[in-house]
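Next, two complexes with chain A in common: one pairs it with chain B, the other with chain C.
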Partner chain A sequence: MKLDPSFIWTAFWQLLSAIPITLLITVVSVVVGFVIGIVVALIRIYKVPVLHPIAVAYVTFIRGTPMLTHLLLIYFGLPLIVDALAVKMGWSFRSSSIPMIGFAYISFSITSGAYMAEVIRSGLLAVNRGQLEAAYSIGMTTTQGLRRIVFPQALAASLPNLSNSVIGMLHGSTLAFTVSVVDINAKAQIVASTNWKFFEAYLAAAAIFWGLTFLIERLTAVIEKRIHVYHRGGVA
Partner chain B sequence: MGEPFDFTYILTFIPKLLSTLQITLFIVAGSLLIGMIVGFLIALPRLYQIPIVQTISKVYISFFRGTPVLIQLFLFYYGLPELLKLAHLDVSKTPVLAFVILTYGLHTGAFMSELIRASVMAVDRGQVEAAYAVGMTGYQAFVRIIMPQALAIAIPVFSNLVIALLKDTSLAFTLGVMEMTGKSQTLGTLTQHFIESYIALALIYLVVSFALEKFLKWLENGLLQHEQQDTSVRSTRLTLRKNISYRRIVTEMSTGKGGVDL
Partner chain C sequence: MIKLNNISKSFGRQQVLKDIDLTVEKGDVVVILGPSGSGKTTLLRCVNYLEKPSDGEMIIGDYHLNCKYASKKQIHLLRQKSAMVFQQYNLFKHKTAIENVMEGLLIVKKLSKEEAIVRSVALLEKVGLGNKLEAYPSQLSGGQQQRVGIARALAMEPEVILFDEPTSALDPELVGEVLSVIRKIAKEGITMIVVTHEMSFARDVANHIVFMDGGVIVEEGTPVELFNHPKEERTKQFLKRITPELNYNI
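On to the complex of A and B.
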């Protein structure tokens, strides 16, 4: 078997059709994870009773186990729970009506939530305590102080980590093939299965991922430059 | 889907899964070794700014950080035998484990080189200059002055890398390696108790990564002892500033593996 460069090109064009699925999984998990992350981070920083140990356990468990196990646990465990509940409550809803991609959304959101919580927490801790005190002193409420003063600064501080998390979720979305969602990785397998040119197909897939990662990094650099405008020195 | 939930299966699965823990740890140790060597080789050209080689290093790092490790596994598994065939080397008899360890090794190498580079850059420039001033050669300055300091800075991020690697190895089952994840899938298929076997799997990963973290923390405390002695002597203002800069260094240094791992 020889390397077939023309097939890389063919595979590349066929893989393009799977990009939306990969991006959709990434965007959903990052956005939902971000919301989970803010809630968990605030619970941990304000040491909310009862919820605090749960938040710590959640973050520890997710960060201590591979993303693949989360997906498998959700994929096999969620139907059990949903069906048991449905029988008890008399719902007509059954787990079989959850689409495959739904499992990927749920599990990856849970995964990214824990990582986002750590990113956001470290960002919030990086903001000087005096900033919130100054907000109080001019009469802001805690919500106003957090939203107007602390969060913008925390986000700026955690931008590099956030971008790493997004890239991590983009790369993690390749796991979706285990629950038979056709993302770029699964598509590469399908494309190659007819003629066994796996190497060429995966080269094309790698090129696409490389490009997507590069785009995210560029985008982060642009945003970072904008955010840090106030950091510049001098008089002008 | 499968049999009803039965708690006792988790207990019976744990020892069965533990019997394959050594393969997982073997992959981690092997790829860590390759990763450290590769990482060092990749980092040196960038640190000393050697033209051309430096660019190759950059592309290497960009590729391994820019593509998912799963894709890399498949690339090496399918691609390497074909490439070696061009050089008239037959590797069809090589065990899959070798490909897996090589891939993880090269993958970790990229992150390791970023870590090495960042921690060497974090050592004050004046340290090397002082070493040259007392007549050390470049090699002596690196080994005696830079390396011990860089090592202490690198340990926290290094520990993140090791744990990320441990979690990444769960993907080796896609190539048919019988490590813990592969074993848990087999157990699930055999008994139809999938959820129990994955709970057992998750528990083992949790304990192992927790133990690794504690061990590396202990190592870090040992290596950072000189810093602690320093700070107790210094005035509080200096201590404060030092801590801030240390935190800044560590956050700037995050190799990208600190975020989400597979």
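On to the complex of A and C.
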């Protein structure tokens, strides 16, 4: 077998059609994971009774098991729960009407939530306690102080780690093909299945992933530059 | 008027404030003196409810609060009656000088943006920072940051402004500019409670001095009474160490 450079190009064009699916999975899991992360991080920092041990267990279990395992557990476990509930409550809804990509959304959101929780927690801990006290001292509520004073600074502090998580989810989204979702990587496999030029197809996929990752890195750099005006951390 | 009745505070088993009674009249400048660990900062933080008193009651203006049964809402209302100037400035790091002052006006006082800007500019000019409106805290010197902190507190028009060692973190050369701002607003009749180690400031500006040690108020009175004729042995010891030139007879 010889390398067929022209097929890399052909595959590249065909793979472009799968970019929306990959981005969709990434964006959904990052956004939902971000919300989960904020809630879990706050529960852990404020040591909310009852919820605190649950949050700790969630983070340890999810970070202690592979992302692929989460997907498989959701894929095989969720239908059991949904169908059992449906029968009990008399719904007409059945698990078979959940689209495949739905399983990817749910399981990857759960995965990224655990990682985000730790990223956000570290950001929150990096904000000086005096910032919240200053907010209190001028009469703000805890919610106002957290939202307007603490969160913006925590996000700035956790930005490098957040971008790491986003990249991780982008690359992790390739696992969705195990539940028959056609993302960039799965598309490469399909494209090559007719002529067996897998290497060329996967090279094209790699180029696309690299390109997307490069965009995320640039975006992070732009935001970092904007917040650098006030946020001068570490040794720089 | 501010009235503290039987304010107590314990951290675990250690009692740091023991039945503190203190009355501050409108327009008073009260300076709290005392060795470190005497509870003076804790007392100040209790007035702003940054520390929750274990017991006692507090009256600020027309607001009355029983500390033992204070609800979140009551604490929130009480906090709006006072504003704090911190030792470490604690300016909002991600906001410019003017945004720091505007924040409370917009969010707590719910002023319109135009009005908040007008007031904030006026306050920053008053503390001598009319040319630093758009500077971030990281671009300001310690003395400038502290003056923004004072403007931020003034903006809330509280019943009382609490100063927690406002010059302790500053270079000696910058202490003067901050003290002169505090002097200026003291003359305008703004009620304030100041924890400080600046003895000359205490003597010149305060009209009431409180000496604390071991979580109790040992002695209080006018500056003349306290500095020139201290009654308690503990007060004399402290003053002798801080201002040896006065040479007290112990």
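Note that the second predicted complex is superposed on the first by the 230 of 236 C-alpha atoms of A that agree within 3 Å, B and C clash if a C-alpha of one lies under 4 Å from a C-alpha of the other, contacts with A are read in each partner's own complex, and residues count from 1 in each chain.
As a working rule, contacts are C-beta pairs under 8 Å (C-beta built on N, C-alpha and C of every residue); 3 or more make two chains touch, one makes a residue touch a chain.
Keep in mind the model is a prediction, meaning the values are calculated, not measured.
Engineer: For A:24, select first, second, both or neither according to whether it touches chain B, chain C, the two together, or no partner.
Structural biologist: In the superposition, A:24 touches no partner, neither chain B nor chain C.
Engineer: Just checking: does A:128 make contact with chain B only, chain C only, both, or neither of them? Give me first, second, both or neither.
Structural biologist: So A:128 only meets chain C here.
Engineer: With both complexes overlaid on chain A, does A:156 touch chain B (first), chain C (second), both or neither?
Structural biologist: The answer is second: A:156 touches chain C but not chain B.
Engineer: Identify the partner contact of A:227: answer first if only chain B is touched, second if only chain C is, both if each is, neither if none is.
Structural biologist: second
Engineer: Considering only touches as defined above, state whether A:185 meets chain B (first), chain C (second), both or neither.
Structural biologist: first
Engineer: On the A-aligned overlay, A:140 touches which partner chain: chain B = first, chain C = second, or both, or neither?
Structural biologist: In the superposition, A:140 contacts chain C only.
Engineer: If you stack the two complexes on chain A, which partner ends up touching A:165: first (chain B), second (chain C), both, or neither?
Structural biologist: first
Engineer: Taking the superposition on A as described, I'd like to know which of chain B and chain C A:65 touches: first, second, both or neither.
Structural biologist: In the superposition, A:65 contacts chain B only.
Engineer: More chain A residues touched by chain B or by chain C?
Structural biologist: After superposition, B is the partner touching more of chain A.
Engineer: Between chain B (first) and chain C (second), which does A:98 come into contact with in this model arrangement: first, second, both, or neither?
Structural biologist: Neither chain B nor chain C is touched by A:98.
Engineer: Taking the stated contact definition, name every residue in chain A that is touched by chain B in one complex and by chain C in the other, in rising order.
Structural biologist: none
Engineer: Spell out the part of chain C that touches chain A in their complex, as residue ranges.
Structural biologist: 48-50, 76, 79-80, 82-84, 86, 88, 90-95, 103-104, 107-108, 136-138, 152-153, 155-156, 162
Engineer: List the residues on chain A that touch chain B in their complex, please.
Structural biologist: 1-3, 60-61, 63-69, 72-73, 76-77, 79-80, 111-112, 115, 119, 122, 126, 160-161, 164-165, 167-172, 174-175, 185, 188, 198-199, 202-203, 205-206, 209-210, 213-214
Engineer: Which bits of chain B are touching chain A when the two form their complex?
Structural biologist: 1-2, 5, 62-63, 65-72, 74-75, 78-79, 82, 163, 167-168, 170-171, 181, 188, 194-195, 198-199, 201-202, 205-206, 209-210, 247, 251-252, 254, 256, 258-262
Engineer: Within the complex, which stretch of chain A touches chain C?
Structural biologist: Per the touch definition, chain A meets chain C at residues 128, 130-131, 133-141, 144, 148-149, 152-153, 156, 227, 229-232.
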